[in-house]
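Shared between the two complexes below is subunit A, which pairs with subunit B and subunit C, respectively.
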Partner chain A sequence: MSTGALRIQRASGHAGPIPGEDTQRRMQVAKLIDTTTCIGCKACEVACLEWNDLTFRDTVFENSYQTMPETAWNYWNLIKFNEHQRDDGSMMFLMRKDQCMHCADPGCLAACPAENAIVQYQNGIVDFQQEYCIGCQYCVTGCPFNIPKFNSQTKKVFKCTLCSDRVGQGLEPACIKACPTGCLHFGTKDDMKELAETRAQQLREHSGYANAGVYDPAGVGGTGVIYVLHDITNPEAYGGLPSNPRVPWTVRIWKGPLKWLGNLAMIGGLIGVTMHYLRYGPKHVNGSGEEGGRP
Partner chain B sequence: MTPTRRTFLKIGAGGLVTSVLGFDLRPAYAQARELKISRTTETRSTCPYCAVSCGVIIHTLGDKAKNVTPQVVHVEGDPDHPINRGTLCPKGSSLLQDIVNPRRLMKPQVRRPGSDHWEDISWDAAIDEIGHLIKKTRDETFVTADAQGRTVNRCEGIAFNGGCTDTNEFNYLVVKAMRSLGVCYLENQARV
Partner chain C sequence: MNDGILRYNLVERVMHWIAAITYCYVLLTGLAFYSPHLYWIATLLGGAPTSRYWHPWVALVFTAVLFWMLRQWLGDMRITPQDRAWGDAVGHYIRNEDENLPPIDRFNIGQKYFFWVMLYSGIVLVLTGGVLWFPELIPWSLRSLRYAAVLLHVSAALISIGAFIIHVYMGTAVVRGGFTSAIRGEVSPAWARTHHRLWYHRVTGR
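What follows is the complex of A and B.
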């Protein structure tokens, strides 16, 4: 982990490789969220607001304990309360801390056309740099988790930074530090995966959750935020967590083959114009001098 | 070598083409968001809400230099505190608002019996009024002897409820004062 400025490994809208890419060892950081021990106290929500000095917004009541239906441009971290019926008919809460997943292969970054507006640091944090954001909201369409949120006043998009300021200085994110039940953990991705697997095994063998497992979706290259779920076969029950999130194919085609086709067309055009000039020379205007003078 | 006009133009055009095609040789560092507590003064304290008494660190602006008026900029859990080891509940996490929020209560208020709203009252008037009410209630409800004629000297019309941040010393004084009035219903949740 670096101090001060964080080294970038990927940047949006940037042609060619990132200078200095892969010249340092990487250590990916990750959050582990154990949904089975979350009590829905919302300490992480408050800690996020306080650390990031976010402006206060009204809560929305929709017959649930949930603070509001979705995260917002100034509310990056939301506990989703989902009432779930067990097989025997009794009820239970499935609570999930919803925030940016910090994908290893981020759809927002792939879709973003503004240079450096979305960057991925070498520790895996995906961060929006609002000074370069042009407000096009392509990142909103690129995200499979519905995380980037647009502020219509400033015309910028905001989301969880994984407290890149704290992590860059060697501290843990604010939400992780606050969690009083210890359901949130922070460390290297390897350590978190190991911890998550241990916990999932414990749930399977001792707590009667036969389908308990770790949510670290491969469709986006793995995430910097991993969950332990009671039932890994049904992540949708946790407030619409996609079971197989992917970067939209439109973004993939547009930023992949179409981009190269476009480049080819541009370079081909330039070569064509040059060849035409060399073969046929400049255009001569026929007729008298008076007419030829007109543009 | 002194560049001629032609080489100068060539270099310029080359640079233009390079930058248009997106080759950028700047080092790829991003200025991380500034850590807002990097040079703040840290003060250890105790959360004032419940009886758990979690340890907190209060971050204040400035380094205690003579000409600085400190202001609290952040409050978070104290990792060295044995009770909470850095964690805080949502109320504890919002402690900054206890200090800086413009909507917090800054003066005493009273809600009269049967009234539906709070009215401002000065500290002097409030203490005066409380004193008079204690005297009146005690005089009216004081029991010197029980049904069997045993001396009890108790005041049954008053109860005293203390808070969780009351210190040992404060509670000593509370017990002394309340017992001297004859108050039996005496409780607090202080664990500090």
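What follows is the complex of A and C.
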């Protein structure tokens, strides 16, 4: 929520360019999550709650390590525990830290009608500014990762901020700081990409994960959160990580062609009736001098 | 001259104006979120969160009135062969050559189409509006419903807006006396004879 020293490069519901856009060098930041070294300790969940002052949330027990099905308005960061069967029949856990992906082309921002309620800073962080949010939940429809969550009491939507308040002050996100295994990294997108590729190569060459790879989906322009996966061909196995996430095409049409077509049609309609009036004018009633129908 | 003919009784007028006022409110708040260039409308109407809060509730009133209208006017809104003949000659109507038009009953085919367009777009709007209202109740696996709803809601709204522009224009600027009749209920015999001759014969016996 805090803007800190961060500059905005894109804002929701905003007509025209953003003042000051492109006046600074853009250094994209990214979080790297190496699922292969995550031990599911939930330290990052606790750090997120603590830093962001979020209160306790009820958990569920469903005979698994999963304490709640998905992130919530006051729980922005959740480890997804997936019991996965290897080809040889043995079991392994696939654990994935789920939170906002900070898409380069964010569907939430494209869908949002409220000016400034969703912004993208020049470092790539996508942030919700609740004071401008109107609670319409269009962002919920626009997001391909099921991330924005609605608080029905305050009628505002919340999600991971990538700790923009910390990053703006030159600190790393709270979850990164808390991770005991070093499976979380934070830095520039380029550095993180390189580190991730190195790790994936290591997994392929030395650890027997022939399909290991980096998840940085092109469908949303790449993300500010990238994963190293044991099996890049099957991201769905990691608690429903979409293999080719995209902003829904109906959202694109709704926010693109339908807007200007609709505007043209409405303006055309108004011009049309005005022209009709100028050309033909009002109707006259036969058999009486009157124009109107007043008795 | 005090021989006005009752065209709309009190119930019909109340019904009409509830529909008109609720529709205008829903239209304006909807448009505010439709385009960043129109967001200021929400500010005028008490702020964007307020507009967002009331849009669906007022829209529910609007849809309820649509069904009330259906009950009141169903008999008058069925399209008859005379209407079709009139419709074939609609060019004369547009050019204000009304003397060349066949006689019709209480409503012309344009008014009837307007009613049906509003009713059907109202049904689409209430169904898709429900999805927009409570997207969190749609499970993630059925999210394509949300994707469809946003498109259909706006499309149905735009269709109804087109019909609405023509309706307001005809009722106020072109067919003088129409607006007064929707408020006071009465029209003059000459008005009735000119615009709705069969209806005139039917209600006056002349």
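Methods note: the second predicted complex is superposed on the first by the 258 of 295 C-alpha atoms of A that agree within 3 Å, B and C clash if a C-alpha of one lies under 4 Å from a C-alpha of the other, contacts with A are read in each partner's own complex, and residues count from 1 in each chain.
Keep in mind that, in the parts below, a contact is a pair of C-beta atoms (placed from the backbone, for glycine too) under 8 Å apart; a residue touches a chain by one contact, two chains touch by 3 or more.
From a predicted model like this one, the values you see are computed outputs, not experimental measurements.
Once the two complexes are overlaid on the shared chain, A:Ile253 sits against subunit C while remaining clear of subunit B. Contacts of A:Leu162 after superposition: neither subunit B nor subunit C is touched. In the superposition on chain A, contact is made by A:Gln129 with subunit B only, not with subunit C.
Contacts of A:Gln137 after superposition: subunit C is touched, whereas subunit B is not reached. Counting the residues of subunit A that each partner touches, subunit B and subunit C differ, and the larger count belongs to C. Look at A:Leu78: by the touch rule set out above, it reaches neither subunit B nor subunit C. When both complexes are overlaid on chain A, the residue A:Gly269 reaches subunit C alone and has no touch with subunit B. In the superposed model, A:Ala15 makes contact with both subunit B and subunit C. Touched by subunit B in one complex and by subunit C in the other are residues 14-15 of subunit A.
Within the complex formed with subunit A, the subunit B residues making contact are 21-36, 38, 74-77, 79, 84, 86-90, 92-94, 96-97. Residues 4-8, 11, 14-16, 18-21, 41-43, 45-47, 49-51, 53, 116, 119, 121, 127, 129, 161, 164-166, 168-169, 171, 174, 177-180, 182 of subunit A touch subunit B in their complex. The residues of subunit C lying in touch with subunit A in their complex are 1-5, 32-37, 39, 42, 48-49, 51-53, 94-96, 98-99, 132, 135-136, 140, 143, 146-148, 150-151, 154-155, 158, 161-162, 165-166, 169, 173-178, 180-181, 186-191, 193-195. Put simply, subunit A touches subunit C in their complex at residues 13-15, 70, 111, 113-115, 134-138, 140-141, 146, 149-150, 155, 240, 248-251, 253-254, 258-259, 262-263, 265-266, 269-270, 273, 276-277, 280-288, 290-295.
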